[in-house]
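The chains carry the letters A, B, C and D, assigned in the order they are written, with residues numbered from 1 in each.
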Amino acid sequence: MIKVGIVGISGYSGRTTLDILLKHPNVRVTYVSANNTTGKISDIWPHLRNKTTLTCDKFDLDKATELCDLLFLAVPHTVSMTITPKLLKAKKRIIDLSGDYRLKAKTEYKKWYGAEHTDSSNLSKAVYGLPELYREEIKKAELISNPGCYPTAAIIGIAPLAATQYDSIKSIIIDAKSGVTGAGRKVIPGLIFSEVNENFKAYKVLNHQHTPEINLYLSKLAGADVDVTFVPHLLPINVGILETIYIQLNNKMSLGDVVTLYTKFYKTEKFVRVLPAGQQPEIKNVVGTNYCDLGLAVDEKKNLLVVTAAIDNLMKGAAGQAVQNMNIMCLFEETQALI
Amino acid sequence: MIKVGIVGISGYSGRTTLDILLKHPNVRVTYVSANNTTGKISDIWPHLRNKTTLTCDKFDLDKATELCDLLFLAVPHTVSMTITPKLLKAKKRIIDLSGDYRLKAKTEYKKWYGAEHTDSSNLSKAVYGLPELYREEIKKAELISNPGCYPTAAIIGIAPLAATQYDSIKSIIIDAKSGVTGAGRKVIPGLIFSEVNENFKAYKVLNHQHTPEINLYLSKLAGADVDVTFVPHLLPINVGILETIYIQLNNKMSLGDVVTLYTKFYKTEKFVRVLPAGQQPEIKNVVGTNYCDLGLAVDEKKNLLVVTAAIDNLMKGAAGQAVQNMNIMCLFEETQALI
Amino acid sequence: MIKVGIVGISGYSGRTTLDILLKHPNVRVTYVSANNTTGKISDIWPHLRNKTTLTCDKFDLDKATELCDLLFLAVPHTVSMTITPKLLKAKKRIIDLSGDYRLKAKTEYKKWYGAEHTDSSNLSKAVYGLPELYREEIKKAELISNPGCYPTAAIIGIAPLAATQYDSIKSIIIDAKSGVTGAGRKVIPGLIFSEVNENFKAYKVLNHQHTPEINLYLSKLAGADVDVTFVPHLLPINVGILETIYIQLNNKMSLGDVVTLYTKFYKTEKFVRVLPAGQQPEIKNVVGTNYCDLGLAVDEKKNLLVVTAAIDNLMKGAAGQAVQNMNIMCLFEETQALI
Amino acid sequence: MIKVGIVGISGYSGRTTLDILLKHPNVRVTYVSANNTTGKISDIWPHLRNKTTLTCDKFDLDKATELCDLLFLAVPHTVSMTITPKLLKAKKRIIDLSGDYRLKAKTEYKKWYGAEHTDSSNLSKAVYGLPELYREEIKKAELISNPGCYPTAAIIGIAPLAATQYDSIKSIIIDAKSGVTGAGRKVIPGLIFSEVNENFKAYKVLNHQHTPEINLYLSKLAGADVDVTFVPHLLPINVGILETIYIQLNNKMSLGDVVTLYTKFYKTEKFVRVLPAGQQPEIKNVVGTNYCDLGLAVDEKKNLLVVTAAIDNLMKGAAGQAVQNMNIMCLFEETQALI
């Protein structure tokens, strides 16, 4: 039984982390905090009435350190890098759900997140928490940088090809669609119900901060510079991401070949489901789960592969994956509390 | 051709008023203003690109006075009563969509709107703009107090009985459900998409500020004190209100009698459609229209009448009715730009 | 470990029952069937890919009997009463989610379900599976008639008063709103997306088949004839019911009294949450759970109590309650797989 | 004043055509028919209560011929080609909203629509009703083949480049998203509310029947073989299409150049709005209108142009464009009843 804290409990990722951990047999949640609200968790999140007696305070380093073995940081970017060094110094293990430790170059962080990075030393130590690629590193990590929601689906959708035959890839276009919780629980005009409902639009076209993250980890995998085109869109639903990924190939590849390649690549992965040829993933089939579902189609005349990847942005795209990382770090069953 | 202004163009009621007036052959919109935003209307409301060259400024009394014959005030309550006296003094006709001139007792205003009423003199002069009841008064009015969305459906749904045989009514319960634009374009946590979508709840139970408005005008109609029970709910849709009204009767009344009574009462009304026995109104049938659809059912054993009333809260519940009032005041065809 | 079958796996109640049972440590699902589809469960319900290898056939009595100790019948009404007698004869325990065994008078069944009841003997033996009222009977039951979704919320919302001080109740009006899965997975014009979305309406006004069920069990509880007024509405959401219940009282009762009464009545109940005065239940707080949340408000001037009750229609309103009943019958922890 | 008929009034396109024509000052709708329903239009489409006394019968050639000068055919494909020759012989002008006359090669029709084409002679005579490209031909046409919804947005989005500098185009990928009415009013399991709501998926991947239509008309425009990649997706909204079009260029082009090119190309078009650099179209801004809104973005490093095109699939994508065609054919103001 480990003692776990969640910093940033008032957002959707923090809440979902708590929802999962309350069902986890090896975990006791001993500490929760937020900076914009305090009080009983069952008042902040009424669906948890009668399920927890936890109380939320403003973040207190001493209390967090005293009460927890491991902490989930579900805070906005720039906040995480001020807390993380102190918690690491106190020998706590950290799973950071923010974007603070994902990009490795400080210049890139500055460019995409608009702030100076203030924790260089840990930036290089942080392990990117995508278990399908970095399971061994995660086992030994002190600091996990939990992947962004879009990058999770994108990298899982492209990895089999990027890892095994990167030379085949000529260009990659990712047309991504996300439910509204992907933007967090922000109270801004563009997210009020009557502006989003019955609407659909692209946003941050060619300019989203998850682009360099996708490029960085695909490049590592490919051993070459990957530079994807990424256009996100806002879906009028609560949760779920579907990415339609167009991979222009340099050579012929049949649908059968591709299905075989992907199936083999993810054969032992519990949370990736490669669908048979002809089937397409749907967001409703992954909502509330930690799965990433992958669909495959090929235009053999054009040497074009179309990968469709679906995840729940709060589960495999955030809290679910974070708990998966914890399970790996703590040597629990990897699927514990997640299936 | 009259010159019309809209004060409060950045909200949904103001926008809908403009949408309607741009199609009105007898109206030129010469002035629009808002206090939380300025600039080209086509930037504020991009659906109007290429349809208008209007520009929005902060409210300016002199400009408004100079440019307009008649003004729609689509502003928050308490704002209207500071502007209205000045515009009336300048001999402008006013249609006020806020709650400021609906309740006639200043104590009631204080109780339900939480502020002192500062314009007593006009409070008594304002005509309640429900054409189905006050058409003659509207024709001569300088100041129209445009009804609230909930009261519009409620009063139209109850009026035939209240006006013709009030003695039959023992008690009235109004279970009301409204789409999200009924709350205006407020940027508050409770109205962000992921809090409202796939959700439903009652709010301000037994405590909504439209309750005294319903009571006041039904009482006038009945010549007796009416005291309804009113419980509103928030529907996860953009527009539309459906009210299910339970009227406990003192005496037997058949469904046929009721349908006859209602049909006769609204025989010459262009915007009220009484459905035949057995049919129920649906929000989708009134969305985008100025209609109020009424359905009728009777439990003869219990002497209970169930009236269902549907409107578009931004049309018959706000801007549509406001334009209907303008049409009456200006002796235009009452349905002009509305059918 | 008991062996359990689900008859009617292609509908939403059957699917939800399976979703829950796959997480139940004391249950092995050994049999699933449907009459309108066959094949691998992971093809019928793709969200279950990799989670089950079950295969669905047309219902086969011998196979069902051989493979199961207990069966859930998630079939349309009239189907259940043809299967149940045979399964009972084979000494199987049955939890019937259809309406077939809820009404006790065959004339009432005929009137509301439009068919002759063909299994009188078991009609009288069936135990109504509302654990909050019939836990002891459920323990010993061979045949459970699982309550309807609307009656579950209604009876839980009214029971504290009906059971302890029925004389206080003068009349009851239930204004009910349900998400679309409440209608099952019917492929009919009225349920296609573009007819339901952005819409809201009342249906079967004063004429819904759940009305006599509510009356029957409230009457038993009160020891007197209860005759509620019931009007259901269709919400444009997937799951969830909210009922706003207007109870006209014969005598004064303060909000404090009512909250105390309800809190005490449900003190030991794990799945009923009585909210403090001033708070209202919301559908989103019960979705995916087996809870019934209750809100209370009182108009002391009118002696009117307003109870609001929220459930997930597929959980506490169907499959969740069915599993709760199974847990009780099998002496498992009552909350097993449900919290 | 011309006399107009609508064949196929029970579907969404037929209904929308009627909605528009009821506001058209130069048109009298004299005939409506459907083959799956009959009766008063106000019963079939209750939103039209009190607005029309039209009655719907099964299609009757003699009656249609006698009562109409011009007919809109809003019928399923294969039905249109059996009616059209007879109506043309009777000297009626036809606007066909089905797919029957869009593809010019009978083999292509067979391949994509799964049926033999039985009206070769008119196939070649039909004019493709995209006014932005074929206005002059439309003026003189007897038979208009009204474009598909997806092709309308795609062709308008690509035409400026395809028409003026096709050599710049290397490849085109169209990632399309459509609201549910795009599928018509089909009563099939995949379109019921609880299957579509809170869901999103790709369908007919690389295999949609609108692909050859897009290719055909872009090829004509370019004077070269165009072969786009087309992947449609189903949005959980009622109406609206957004297409994100990735055009790989052979040469450098700045965002400024592209905006200038598009703006110039559509300078005199009333229903195409090219947004300034940095702005993106949104479905809500075109819903209920006949506009196509275009957004432009360029990745100058990759020579990649991203065009986003938004339309209302029932307006510019079907009925609105059909009426626009009628206006042109009849020498009415082109925007009549549409702005």
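The rule is simple: contacts are C-beta pairs under 8 Å (C-beta built on N, C-alpha and C of every residue); 3 or more make two chains touch, one makes a residue touch a chain.
As the structure is a prediction and not an experimental result, all values here were calculated from the model.
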Tell me which chain's centre, taken as the mean of its C-alpha atoms, is farthest from chain B. A
Out of A-D and A-C, which chain pair has the most contact pairs? A-D
CA centroids of chain A and chain D: separation to the nearest Å works out as 39
Chain-centre distance (mean CA atoms) for chain C and chain D, in whole Å, is 46
Averaging C-alpha coordinates per chain, one finds the centres of chain A and chain C separated by a number of Å equal to 37
Multi-partner residues of chain A (at least 2 other chains): 195, 198, 236-238, 282, 284, 287
Help me check something: in the complex, which residues belonging to chain B touch chain C? 171, 173, 175, 177, 195, 198-203, 205-206, 227, 229, 231, 233, 235-238, 240, 242, 244, 246, 248, 280-284, 287, 295, 297, 299, 301-302, 304, 306, 308, 310
Within their complex, chain C touches chain D through residues 12, 179-181, 185-189, 191-198, 236-238
Per the touch rule, the chain B residues reaching chain D in their complex are 46-47, 49-51, 198, 270, 273, 275, 279, 282, 284-289, 291, 293, 339
